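Let me begin by presenting the structure, written as structure tokens, before commenting on it.
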Amino acid sequence: MMRASIVRRAIDIAELAKEAASESCGATAVFVGTVRSTNDGKEVTGIDYTAYEQMAEKEMLGILREAAARYEIVGGIIEHRIGTLEIGDASIAVVVSHPHRGNAMDALRYVVDETKSRATIWKLEHYTDGSREWVGAGTPPP
Amino acid sequence: MMRASIVRRAIDIAELAKEAASESCGATAVFVGTVRSTNDGKEVTGIDYTAYEQMAEKEMLGILREAAARYEIVGGIIEHRIGTLEIGDASIAVVVSHPHRGNAMDALRYVVDETKSRATIWKLEHYTDGSREWVGAGTPPP
Amino acid sequence: MTVTVRLFASYAESLGKSEVEMSIRDGATVADVVRSITASSGTSRLPPSPLVAVNCVYATPETLLANGDEVAIIPPVAGG
Amino acid sequence: MTVTVRLFASYAESLGKSEVEMSIRDGATVADVVRSITASSGTSRLPPSPLVAVNCVYATPETLLANGDEVAIIPPVAGG
């Protein structure tokens, strides 16, 4: 079970964990990224996420397939939310499942790191002083 | 927010993630261990978990404090369920939160591995052929 | 022939649009489209050789374009 | 004086009980209690020197016991 989706609604972690689970898998590892109140010392009020959706979903599904090949995960889901998010809102959730815990956690890190650096998604941060900034964190591969 | 509990009811992952979250933390990492249908090639029907509860909770809280010292996690929760569990039931959930993802995932692995090897908890596996076995996976430290 | 050029995030903001239909000559490349976008907008916020995907696959400046292609100019990503 | 001995998992099963009140002499150690438990049960399922915790803190065979101590004999753990 592999799925990668750009969504415009709240992310439901419990649902995702259930979806990625299977009877053969004793280990489910989950990462949830939320909008935090400060970034680089600036007070954040919220973030607008935008995406090149079709390509982001393709790239994220590719990342899950790479994780399946490297770590033999059985289930893998990425949901990335776009739109206007407030402090504490979940912007991304990654869930992977494997019979054993080591591989599940290795795969989790791989999928989270690769998604951050490769998915065609952008964020515009808004600050308490009224300013805003496009965050340019990663560099996608050629 | 650090908490370590032995529980006798179903583990609610979404609740735990909410409990461990804070506005300063952009990253929440979660591990869920579930009873899987096979172990060492044998077909499992269920597992009875027992614990030396008071010591297990003390040990698990100690592990969370170690993770806070090593990885500066802000929130950390361990819930371990005991009693008779069926295939697919969650026996353990670990949730840690940190401003950044790397530390959250490092801490998750530390807490999960240490809990497995140190918490005074035992499992009696039941198999489809009617046999049963005390699983002796780890060795606690002296 | 015609291609659709897509712009995102800071690039879309600098250029004041997120999608452009563009007529190109036969044999036109990714580099031609990028030059044309930069010239028409008079902006310097696009790097000289930005990342470009054609139909959701990363391309090089020399990649030849075909009628109907979607040419996306990709700013540094920042998901998560 | 009296201590409470607690047994778990396979040890509790082998010995047919999970808790024993035991009278000990002054100066008795963890090793004395372990020997006594093994002798009284006639079982060989306890290792000669199992892990023992006194009041939830791991102890050594030489650890001296006090009245009211909880002495837990700890099988290899297998949580998770």
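Note that the chains are named A, B, C and D in the order they appear, and that numbering of residues resets to 1 at the start of each chain.
Criterion: a contact is a pair of C-beta atoms (placed from the backbone, for glycine too) under 8 Å apart; a residue touches a chain by one contact, two chains touch by 3 or more.
The model shown is predicted, which means the values in this text are computed figures rather than measured ones.
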| Shortest walk length in steps over touching chains, subunit B through to subunit C | 2
| Between subunit B and subunit D, what is the gap in Å from one C-alpha centre to the other? | 26
| task | Return the distance between the CA-based centres of subunit A and subunit D, expressed in whole Å. | result | 49
| task | Indicate the whole-number Å distance between the mean C-alpha point of subunit C and the mean C-alpha point of subunit D. | result | 74
| Mind pulling the subunit A residues that touch 2 or more other chains? | 33, 101, 112, 116
| said: For subunit C, give me the residues that contact two or more of the other chains. | reply: 80
| Pairs of chains that touch, anyone? | A-B, A-C, B-D
| task | State the interface residues of subunit C toward subunit A in the complex, per the touch definition above. | result | 6, 8-10, 13, 51, 53, 56, 58, 60, 72, 74-80
| List of subunit A residues in touch with subunit C within their complex | 33, 49-52, 54-56, 58, 80, 91-92, 112, 115-124, 134-142
| Considering the complex alone, what residue numbers of subunit B touch subunit A? | 12-14, 17, 21, 23-38, 87-88, 99, 101, 104-105, 108-109, 112-113, 116
